[in-house]
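You will see subunit A twice below: alongside subunit B first, and alongside subunit C after that.
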Partner chain A sequence: MAERRGTGRRGPVPAVRARWRGLLLTAALLAVCAAPFQLVPFRVFQLTMVLVYTVALIGLNLLVGHGGQISLGHGAFFAVGAYGTAIMMFHGGWPYPVTLPAAAAVAFAIGLALGVPATRLHGLYLALVTLAIAIFLVPLLKRFESVTGGSMGLTLAKPRPPAWSGLAEDQWLYFLTLAAALLALAVNHSLLRSRVGRALHAVRDNETAAEVMGVRLAFHKRMAFAWSAMFAGAAGCLYTWVIGFVSPDSFTVNLSITLLAGLVIGGLGATWGPLLGGLFVMFVPSLSQDVNKAAPGVIFGLLIIVVMYVAPTGLAGLVRRAAHSFGRTLRKG
Partner chain B sequence: MRVTAIGGAAAAALLATTAACGGRGGDDGSTTATGACKGQQTTGITDKTIKLGGIYPLSGPASAYGDIPKGIKAYFDYVNGEKGGVAGRKVEFTVRDDGYQPPKAVEEARRLVEQERVFALFQTLGTPSTTATWDYANQRKVPQIFVATGASKWGSDTRHPWTIGWQPNYVSEGRVYAQYLKTERPAARVAVLYQNDDFGKDLLNGFRKAVEGTRVSIVKEQSYEVSDPSVEPQMRNLATSRADVFLNITTPKFGSQALAADAKLTGWNPLHIVNNVAASITTLRPVGFRNVQGVVSANYYKDPNDPQWDDDAEMKLYKAKMKQYAPGADPAVPYHAFGWAAATSFHKTMEAARCPTREGLRDAMRGLNNVQVPMLLPGVTLQTGPDDGFPIESMQMMRFKGERWELFGEVIDTRKAFGPVTG
Partner chain C sequence: MLEVHELTVRFGGITALDGVGFTVARGAMVGLIGPNGAGKTTLFNCLTRRHRADGGEVRYEDRDLLAEPPHAIAGLGIGRTFQNLGLFPRMSVRENVMVGAHHHGRAGFLTAALRLPRVRREEARLREEADAVLARLDLAAVADHPAAGLPFGTLKRVELARALAGRPRLLLLDEPVNGLSHGEVDAFADTLRALREELSLTVVVVEHHMGFVMGTCDRVVCLDFGRRIAEGPPEEVQRDPAVIEAYLGTAA
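== the complex of A and B ==
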């Protein structure tokens, strides 16, 4: 980043360059706010789900992209948030706004507890342990039928838009999710700018060096796990609001793997990686269905391989390169 | 940061103005009828065409069910090409894949209703996917007709008039076995193996209630999880009960295991009843046909593998048209016949509708009176009413002999024997 800014300062157009980025951001924000008024509810629903996945991927990015640890079990934390919310609303009769911080807190605590192996295990071994969490969750959810509704799951009423807003249900859900996603972005941003973020990067890049510099390895690894679980739990809560139905079969190992694949494709450690990953996870399976009805899974897999060949640093890397050359063109012109 | 603030302010201003204008502008593309059916919804239907959408797991663990829409498509292609369509309208049937994932099913249901503008959702498959979508379908007042799941709530629920099942619900199936035992083995002592989910419990509870007050008794129950590797331990436990009837409430994989285990336990030889879900030839073949002789089950539609239908007019038509319109699909797969029968049922229902509108279809599907569907067993008909949301509630018992199922006895109408199924 610093390097590129340096080259920019030399040219006569740094102001233009800074401005087009800002303009782009403003335009994007405007588009994001205007979208639900222009699109059919079905599209709004799709965008809402993109935001839900984005929140989960922000958490995963913190752990995998910034912390250098691997988790194949993030679907489980997502499920904890979703089920936690469903149980609070169904059995406790809690109003829905309260469930978001509560679900996030529960997921944080569970992440902290399950983060113990993260302090001792590396790479593949950690991946296996987290995979086990994802696998054992589904049968667990089916067990306590009086609480979780067993394999039938729980059906809930979706949050209703307040009368003053004049919004339709899908629009209201969209803005709730958008607000939560922006909040998650802000929390993530401040986390990464603090000592936590610097410590995480140090641990990722070289554990020994980090320890020599006085970073408490075990503590930071565990906290990364907990923070990341918290984001996944919040995303799970949003999921329950949007879908209004939870069942164990919605949170299989597949979800965890899809999340990780989405993040890698979006761009590990990149700021926009989670959003791009969310878009990929949401839209590409249905696109591949349009290509070939008989084997959507095969097309989806092939597309993943293609993306990894074309953009080894993920879609975010591709966008960055495109933006870079665009900036250069601006400078030249 | 300053830019973000400006953007935020601009967005807020925009939001305020649009919100003040009262939400979404423009027309949502829905149409209504005029004349006798004035005011009723005609989205997705014209004088020439009718658009339907179905949601099935074409991918993922339940993708075996992805064969059902092939039978449906073949039927509609045949009707469009040779019979002038359904009630004079050509059917456009769009199939979407949800991978057996409820959130995906919601997305696809919205896509079909809002983007494809289908007239009705013709079949969603599986209890989770249907549960996730039926609130939406009923809010939008879109018929969700003949869902492919046997849970009893589609018929017993009163808050979702736009959703209706088709196949016999699991409670009715439990009743069929109870009725059979009451006449054939009035003092039966029954051991039960069941899948620990809504499907297994619905069937078991239907059976349990139906044998209440009779001399038929359940002496031992064992459950298993879909994630269990094997049901052999459960089978050994059940064998200790010395029950003389074994009720096998399983999905295909576990059905095979239980049948194999029963064959291996030579000291225990109960009458083996296997439920319809696990009774297909493909489940029995790996066990070995000599090991499953005398096993009984129940069915409601014609099995394309059964030679007794070789000369049946409908079966001949089905096989010929499958070959013509779905050349890659094997007509012997019962799921294709299932789809064919469901599509025929839709055809008859749509023809019976007084108005060619969504409301008309809703009323027609809740007012089926003794409708004959040639692909169903003789004597099994579609029957619904204002307080009866279960189209098929009759089944016939069958026994495995040689290399195929043989139907025996009369068609058992559970409605007559037990009254309506309630939630």
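== the complex of A and C ==
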């Protein structure tokens, strides 16, 4: 960001905007670091889960928002990471820090294998195939009871905060997840503003032209799928750390659909879409339960419809519009 | 540089190209004309491997072009623009042009995600090159604008810039001045002539605008119903009875 401002390439007005953005980001980071010391453990847990979903949505955003593909099966990759971590810790007795890269690698490999249909199918056809992956997962997990614990699932000890940190368990988990989320954000950002990111955008916008420019379509689609699965797998690993329990019922088709809905509502292809989507996925289902205990699904669905009416480009688009008109008001006044 | 022999393409029962053949010498500028549906764009799509040829041969710099995969064409030094704009509308003008130089980059998923120093150097180089092309085509002012919602003539120039960013030796232009105003057509012709000199380009251009073709091309090939009906210097082809008939129906 600093080098960007230094060149002054975007002219004086954007330079001011960049300074504001820098200030806002610093303030946000401070708030995010201070939050676990101000809130009760349950709220800290909720924020941790927002970050977990954010990581998964960063992956989904890479595929759907930037790659122009669709996946109704990302809950499955989330589950692969979650179960992979649980199995490594439960059966293998692996120390938890190792499980994050391992779970990410496993999800990447499976994403690469299942990414083959993504190279040939478009739109609804791809949606159907990925949906099938999500549907077929739960029975599979129940089937291999000796490894997965069947319907009962697996219960694990959560990562303990090291003594030097002086943190409580919920705070430690929060900072672990925050660090992972920031890393995911940075990796994703670097990827997108590179030659590879441009190639993905090109494939999304116009496949024919992209290929004429020398972009290998199948390779980029499949790699986008695998990288996207990797982020979901990493999020699944964080989930297992935070919850300390996995069972098949946590990873039904519903999870996949909620993730995709969360992303669309957060803002497809928008930088902050995954975070806003994570907030939505975390808070709106429980919020709708508070509104009406009998039919939380109805309220959830209605809220989605309302958001899409008010903000067709997602919450990120709404925030951008609000900031824009706020800036205009400031300049006038 | 480019030799097309007996090229045939069929779509179902329709023969889009029927044994078409012509050659393009290095440094030449060849106009490809013919009524709508004559097979001009199909020919371009064959050269860039968008369509499979059902027969015939295309040799480019002593290489069997039809054996190359579609994504390798850019790397062989062939650039192209599209009839109805093939830009990436949600990317900025600069990014569009940088995609044009895709095959000059090496960064992969992993090296890009880690933002290695050589990726950063490569990125800076690609950006510099793109900015140079944008400046050359008077597009520096719109570099950060999305490649949509700009005047049509500007978008056409963006497409040319994107094709040039790949540093092609052979440039295929599909109706580059279609939809431009008179002034814009003249300006585009001047730019193209200058670029051809500067970059020692070989150009094949599909165009309906006869003034443009006659003013810029040194050879013209005329297609009709998938067949080559005339070839030669512009003024000769223009007088060819077969060409006149193809355009106007029965010769008067």
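Everything below uses one rule, namely that the second predicted complex is superposed on the first by the 315 of 333 C-alpha atoms of A that agree within 3 Å, B and C clash if a C-alpha of one lies under 4 Å from a C-alpha of the other, contacts with A are read in each partner's own complex, and residues count from 1 in each chain.
Rule of thumb we're sticking to: a residue touches a chain if its C-beta (ideal position, glycine included) is under 8 Å from a C-beta of that chain, and two chains touch if they have at least 3 such contacts.
Because the structure is predicted, anything quoted here is derived from the model rather than measured.
Trainee: If you stack the two complexes on chain A, which partner ends up touching A:Ser165: first (subunit B), second (subunit C), both, or neither?
Mentor: first
Trainee: Look at A:Leu30 in the shared chain and tell me whether it touches subunit B only, subunit C only, both, or neither; answer first, second, both or neither.
Mentor: Touch status of A:Leu30: first partner only.
Trainee: A:Val147 in the overlay: touching subunit B, subunit C, both, or neither? Say first, second, both or neither.
Mentor: In the superposition, A:Val147 touches no partner, neither subunit B nor subunit C.
Trainee: Thinking of the overlay built on chain A, is A:Asn206 touched by subunit B (first), by subunit C (second), by both, or by neither?
Mentor: Only subunit C is touched by A:Asn206; subunit B is not.
Trainee: Of the partners subunit B and subunit C, which touch A:Ser194 in the superposed model: first, second, both, neither?
Mentor: After superposing on A, A:Ser194 lies in contact with subunit C but is clear of subunit B.
Trainee: Decide which partner touches more residues of subunit A, taking subunit B and subunit C as the two options.
Mentor: The partner with more contacted residues on subunit A is B.
Trainee: Answer with first, second, both or neither: which of subunit B and subunit C does A:Phe245 touch in the superposed model?
Mentor: The first partner, subunit B, only.
Trainee: Which residues of subunit A are in contact with subunit B in one complex and with subunit C in the other?
Mentor: Subunit A residues touching both partners: none found.
Trainee: Show me the residue ranges of subunit A that touch subunit C in the complex, using the header's touch definition.
Mentor: For subunit A paired with subunit C, touching residues are 10, 187-188, 190-191, 194-199, 201-202, 204-206, 208-217, 223, 227, 269.
Trainee: Mind pulling up the subunit B residues that touch subunit A in the complex?
Mentor: Against subunit A, subunit B makes touches at 3-4, 6-8, 10-11, 14-15, 18-20, 22-25, 28, 58-60, 95-97, 99-104, 106-108, 110-111, 113-115, 127-128, 131-132, 135, 196-198, 225, 227.
Trainee: Which residues of subunit A touch subunit B in the complex?
Mentor: Residues in contact with subunit B: 21-23, 25-26, 29-30, 32-34, 36-37, 40-43, 45-46, 49, 138-139, 142, 150-153, 155, 165-168, 171, 239, 243-245, 247, 249-250, 254, 285-286, 289, 293-297.
Trainee: Can you tell me which positions in subunit C touch subunit A when the two form their complex?
Mentor: For this pair, the touching residues of subunit C are 48, 50, 70-75, 80, 82, 86-91, 95, 98-100, 102-103, 105, 107-109, 112-115, 119, 122-123, 126, 144, 162, 166.
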